[in-house]
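Here come two complexes built around chain A, the first alongside chain B, the second alongside chain C.
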Partner chain A sequence: MKDERPDRTARAVRSPLPHDAATLHVTGAARYVDDIPVPAGCLHMAFGLSEIARGTITAMDLSAVRSAPGVRDVITAGDLPFANDVSPSAHDEPLLADGEVFYFGQPVFAVVADSHLAARKAVRLARIDYDAQTPILTIDDALAADSRFEEGPRVYAKGDADGAIAAAPRRVEGSMEIGGQEHFYLEGQAALALPQEDGDMVVQCSSQHPTEIQHKVAEALGLPMHAVRAEVRRMGGAFGGKESQGNALAVACAVAAARTGRPCKMRYDRDDDFVITGKRHDFRITYRAGHDDDGRILGLEFVQYCRCGWSQDLSLPVADRAMLHAENAYHLVDVRIESHRLKTHTQSATAFRGFGGPQGMIPMERVIDEIAHALSLDPVEVRRLNYYRAAAQSAEGGAAPATPAAPLPRDISGQKKVHDALPDDIASRGALGEVVEPAAGRVAASGEQTTPYHMPVTDFILHEMTDRLCQSADYTARRAGIEAWNAQSPILKKGLALTPVKFGISFTLTHLNQAGALVHVYQDGSIQMNHGGTEMGQGLFRKVSQVAASRFGLDVDRVRITATDTGKVPNTSATAASSGSDLNGMAVKAACDTIRDRIAAFLAEKDGVDAATVRFEDGAVITGAERYDFAEAVRLAYLGRVSLSATGYYRTPDIVWDRIRGEGRPFFYFAYGAAVTEAVVDTLTGEYRLLRTDILHDAGASLNPAIDIGQIEGGYIQGTGWLTTEELVWDAEGRLRTHAPSTYKIPACSDRPDLFTVTLWDGENFADTIYRSKAVGEPPFMLGISSFLALSDAIAACGPGYPALDAPATPERVLAAIQRVRAA
Partner chain B sequence: MYNFDFERPKSVADAVKALQTEEAQPLGGGQTLIPTLKQRLAMPSKLVSLAGIDEIKGVCKDDQNRLCIGGGTVHRVIAEKAMSEGFPGLTGLASKIGDPAVRNRGTIGGSLANNDPSACYPAAAMATGATIVTDRREIAADDYFKGLFETALEEGEIITEVKMPIPEASAYMKFEQPASRFPLVGVFVARFSDRVGVGVTGASESGVFRWTEAERALGSDFSADAVKGLSVPADGMISDLHGTAEYRAHLVGVMTRRAVAAAQ
Partner chain C sequence: MSPSISLTLNGEARDIALDDPRVTLLDLLRERLALPGTKKGCDRGQCGACTVLVNGRRVNSCLTLALTLDGAEITTIEGLAADGTLHPVQEAFIENDAFQCGYCTPGQIMSAVGLIAEGRAGDDPERIREGMSGNICRCVAYHGITLAVQDATRSMTPLKKEDAA
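Then we have the complex of A and B:
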């Protein structure tokens, strides 16, 4: 039965229903890991941390730790029974330092005690001697030492960038520093391990990737994966910080639980969370662009220097994605992107909303802005001029014709079979092996516009979105108004910027684009739904429950959402890459349809009608001859011995990617958005405020407009925080000095723009996604770039120079930029 | 926290007596000291709470037109009384310290005794030429502040009162570090009939100071323009993760001009 219309049967989707746990959240009744009642005798853990950034441990005296009150066990690397590794990729990340330390804050030993406080007090009693070495901390340090991951820089290229730039009549070039970002999830990292009979282990964790937890715990205990079950009901925020960073706690708890036979729990204190866990990668990106007198970019070259920290973690795919978004929304014919993945003695930078995309994208927007400044053009005009061409058919006109799959032009050399190429962390984005299926790929027909990685762009809607946003935000009139206002305001200067986002949706590790679901219909007509995605506040469970309700023609309250559980749905991918509802929505739909078809076939036979005509709507099943209440239909099906439980499975079609060559179709589709931000800058101090923001964002045909708008608002604010107030500072010893809210500033309610309007684009996804919706988790984060460029625009009103602002644009940096543009 | 004894005397005399124990420490509103104890950065043998001493609480005006503030008076009360006694500049300062919880617990005596380099009151004390009254003597503000967290107070000496000459016009301007909301730089400007005082907090490595060059310029012309060409050297300013010495030096000039403009 094919039914994609948002008609009455699908009324649950498209509804702006609140988050499924909203009431629980605001009443404090929502259970997080630390809220789960623990069995008697539960022990608590804390890590002892390295106090230098690089060196060899020469002596470790833990006698005072062992004899501290309440301490039951102390674990060092030598005590670990099996693998000492919590890496999601290269097996280069020991749970506990083994002789050498690689960053300030690295876990060196673990304490197991009667209480959280006893464990934390005990770790401070350790006496560790080090033979300290000079750490490699900065991008410059790493370049000088040639300290890097992979053998050398990765290069993706199309055409002849160097030649095109040389031949261009005009050029801009420069360099931009882009800071990292702490995730600052409200719920810190936490895990609880519960030993079971016969050596099995159950782990309650705050993780975006329960399968990864299951895998790492099994590895650490020397067990097959079937002996370990990981469960996640919800996280209090994750933002990528719980894709791999929860491994250490879960593994430590499991090892301790196996040693002691007692439940073991661990949660990081906030300062420890800052100091131990990885953050967004900081970058330096240099650019060289050739353009013409109209602002058309003729050739462009980026060199990206990415600070990865001490272990590989997810850095390679993060750096890849930075390359894959280096052109953002602009069609570049001659382009070259070079990426250096630098290894330093700092926290291992990890996934963070956008996964390198934001860092890759912002220099492109800088280039456009700088060209517009050089030519005294409105940046929006330069953007339009360089945009990809519009999709053949507009979104309002319906879906573009499906593009037939065609083989790649040549074999991808060096491809290997799965079991040869992949390390055993195959469910992580950190896995390197790539299975390329040439038959699934397609290449550009001649004349087709392609990305720098040779993927055709066929769904581009930013021309229409820009037009509509300029209109709704009154862009042109306000631009003129701001110019006039600035002319009579010597101290305060306003700025305005519109920036677009084009974000690729899919895991770039192709095989991760799969998902499973398990749906049960009970005799009373109630439904329990489970899938591989995790809930971190983003509303995934609500959206997917709306899908399930729609498939059965029911209201959502008939569908029970349950915790993500590796025992129910195995081999899941991380809830990451914005893919949660795309993948799990489809898997749940498949499971529901299987059950629905069984019920339909049974009732159709009973009533002597064609099964295809049986409808599920308004809480009823209608065969034409009869109308059954859904619960009655289910009861009859049960009595008729029809199975009312089913699994569902989905894999994203039409994607293929060779990350070494930088060729293929890594993304199923693109999500789009644009934001206009107006800011005012105090030219005496560099302080600023956001005055007004208008956003038009493409969530396809939204599954839930309320939740999607919430994601867009939150993404924009978080992106703005990254580029404005959130500054990470390490000292010369490699110690992170910003490790608490007293020193690290995330945006608060009072920092949001005074006027803040978010509108959803009213088109639907050209690609065949769940109810034609689009992923919405990460793309709006990059709308925050409009805040950054609004500040830059305000600074540019102070003098003739180009601001060339670095990120984050702290007041001090803004003031320095004002002084620079005045001096120019 | 380490263990300590606790006393809550009712009079200054009893408090002084209680403080004669070695390593005993007076406790004002506890807004700095309690977190310090929690982090085990201090280990007093005994805490002597001043919160029960009514004689050091309250605000009044004396016959020399000075605002006399009891050392145990909390910021919220100071903010209210300073306004009704004609000292709105002090109201502006006191009403923006920390948050409501801090303002209902923290005291002026505690703040001045602690002399945090980013505290607000020292700027007002310096600018107005306040007198710090203790259980045993009176100390002029110029002689009282001795650097970061250093004051002229002796062991066991208690601030019982602060006498601030009420200026004809005054204002306090601070540039807040956005995460902690402590001033990166704070400037208090006070205009009297015969002089102008400028107190600067948060900026210098040697603690609160009077910007005498600005005082002279403003003495003859109390306008923002009068200090436009002046600047403090970056040398000796605090440089840390929240701002460089150059930025702080720059902000001293800006905050001074703002305070002058606000006071007019």
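Then we have the complex of A and C:
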């Protein structure tokens, strides 16, 4: 854990305080959308879903639905008063199918009834006839039909990959299937719309992006955004699945509420939630690497095939981020990454923790592992050999700042209006960042190491982290021990793997890297804090309240955290891209400092001292001449007619990105981590267990070590679930066959390794972030790759071949790989 | 005429008319009795979010027909804290950061109370993990949950530690 900083006013940050609503959670008093008491007369909704993946609706008889008990209204596409669209990007996602059907489970009509059960029962009475067509379901289908988003593949390149690979003394090449992942937030999607006077609408929703909800509801009702207010107190898990996937429920409820004049609520049944909503993108990634006899990679090519589903949603930035993490932690001089964004008749794949980064990264780790196997080297040595060089050390022993040496080109993330009918969805990650002028593209200084997208890497700390983790996890001795153990164990085989993570922090759509906050100090010295971030269990509200308490030198219980509300802080970005604490922490700090400076100036004048010397600490305001209890200082300031309310604003500096050319500095900094996992495989059945995990993760100077460690452990296991037991299966008609916990296996308590150690790296962020902390939501997810490669390592102990394992590594896949390596 | 049941809910005797004889205990609690602390996760008995105690045993309330509970004693998360004092399991969940989003937490806590009462796991972490594996946590607070159950077990049964093995 971290040492306390000497600055006493910062004592609230760094403390391992529990979650902000801890007592509410353990008593069942924490309210989620479906728990909010509704006004009398509230109606309930359900969607009728398509029963084919692709085709045209030829007839729709909803008379039995309309006459079913308790039904108040039935809504079809033709009934919608304004936009029939819930897309966060290209306006290609109708709320209700309008003639054509694009996936199995697409909402076709909506029922409004007296109860949830009545609505669900009525839905089943619909009679819909279709003219079915052959759906495009798989990556191969889409490639054959050239069904894609964007005009063709996107390519980011540096140097001459093809030439370097051709000239290299050795090569590895292959292909890897990488499955998708269902979010399985325990709280399903839900929304509640409450009609107000004069046509206004208030929406209670379970969304990572209240501004998006506000925007889509306003569009659907033909209202300006000021007539709609979206509020989110908390979500019961989200993981990216509530960035855009809640739009449909919120819009449906708002439309129904406007039609009926009554509150309307909708929540998806779990099976419907699986069937309707988008998931993590599945990928096929092919690779071709040239390397030398030591394992140094000389040239590398990746081709990424990304299955996006039926609508664009956030697929373009997801696929971009997969490209931006294709090299993970390794310095590649000659590299080429090609990305195909394929359109299929399946759920529209969407944001999921890591946002394409995990899918992009895992083939890189595969390449390293395969090279090590080919050369009979320890993969850790091949990793070290190919790592970026370490951050430069300054004379004091600290690291050099991440600030680039050369000036940055102008911001190139301007917007181009692409649709005439509806305004651009500029607050969404799905918005197009269109180049408005040629990017100057910073020329890297001579000898400077850069990513495949030409961003200098100046903060690399994985050499030290790997050393320390190898030591604490006793890697070398255990490696030898496992080899000896495997030699005498014919049935069970063990495997060990260390994998690193380097994850870029910032929204790649540059203009989203901004945040607002609203802070009020009341006459009694209590503080109410609001910002644009949403709480989904990640502890954002707690961390940001710690920042606020620290700025005022107070205990954290003096600060009240309130629900995210588009009426308090407008134009918010999604709580996504791990950016929550970075952006909102800074915005809250700015608001608090404004109020603090006003109080300081007032008391300084009163006491005849310099305002700069006024301190806020230990619950008091100290002017030098006097020491005021904070509440007394506030009372005096109020009586002195000092404003005690302020907004705060922050925008991330030093970022610029051209996503078309693949050049710039999309990230403010990188977050790092590494994990060692040991697994054992039963070679007769393919079943396996994780035995031990050691993680060293970089959260900068952690704002709250308890919360960060929870995020790291949760991310690692969730990533492990993605790569091991979580398998999505669609049948030949495009029907999702894994749509409940009975058929889709997420990790349970008993799946956790017996031995599990998480340690925080003890360095500060080189970049000037909130109290020098680092984002921690997504990066640890990719530590789960070490579980996958530990299984691969165990399989490799069965025979001479390379396992070339696909993901998820279900017991069936493991067994097949065992047979492959034995046959090789 | 709609059927009715008499039961003890969180220590209070209740006579409840069921307008639908097929209603589950979960829907009864959430939609009729204004007790939304018990959560609906999957509604098919596989996630454990709806766990409550019926006559001291942990059950999935989404799979339990309310009509079968005439005369039963039911404890939900709302009835666990006595007179404003948190139950030792609730305390231990806070102390050990045994949740993130909190949605599975009521079910986890009720399941833990049931598991401790069963006396099968003691403070052995592997048995606790097995005994709690019917309650899934997508945020993966399993480490904290296991520690919390260990702590609560120890604090609730200080003298019976040897028997637990």
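Here is the rule we use: the second predicted complex is superposed on the first by the 780 of 824 C-alpha atoms of A that agree within 3 Å, B and C clash if a C-alpha of one lies under 4 Å from a C-alpha of the other, contacts with A are read in each partner's own complex, and residues count from 1 in each chain.
What we mean here is this: contacts are C-beta pairs under 8 Å (C-beta built on N, C-alpha and C of every residue); 3 or more make two chains touch, one makes a residue touch a chain.
Values in this document were obtained by computation on a predicted structure and should not be read as measured data.
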Chain B versus chain C as contact partner of A:P37, first or second or both or neither: second
Chain B versus chain C as contact partner of A:T725, first or second or both or neither: first
Contacts of A:A477 with chain B and chain C, given as first, second, both or neither: neither
Which superposed partner A:A823 touches (first chain B, second chain C, both, neither): neither
Touched partner set for A:R234, first chain B, second chain C, both or neither: second
Touched partner set for A:I491, first chain B, second chain C, both or neither: neither
Residues of chain A touched, compared between chain B and chain C (which is higher): C
Chain B versus chain C as contact partner of A:P741, first or second or both or neither: both
Partner chain(s) touched by A:L815 [first = chain B, second = chain C, both, neither]: first
Where chain A meets both chain C and chain B, residue numbers: 741-742
Residue numbers on chain C that touch chain A, as the complex places them: 27, 30-31, 34-44, 46-47, 49, 76-78, 80-81, 86, 90-91, 93-95, 97, 99-106, 109, 125-126, 128-130, 132-146
Residue ranges of chain A in contact with chain C within the complex: 18-19, 21-32, 34-35, 37, 115-117, 183-188, 234-239, 269-270, 536-539, 706-707, 709-711, 713-718, 740-742, 746-752, 754, 756
Residues of chain A touching chain B in the complex: 684-685, 687, 725, 727, 729, 737-738, 741-745, 812, 815
List of chain B residues in touch with chain A within their complex: 175, 178-180, 241-244, 247, 250-251, 254
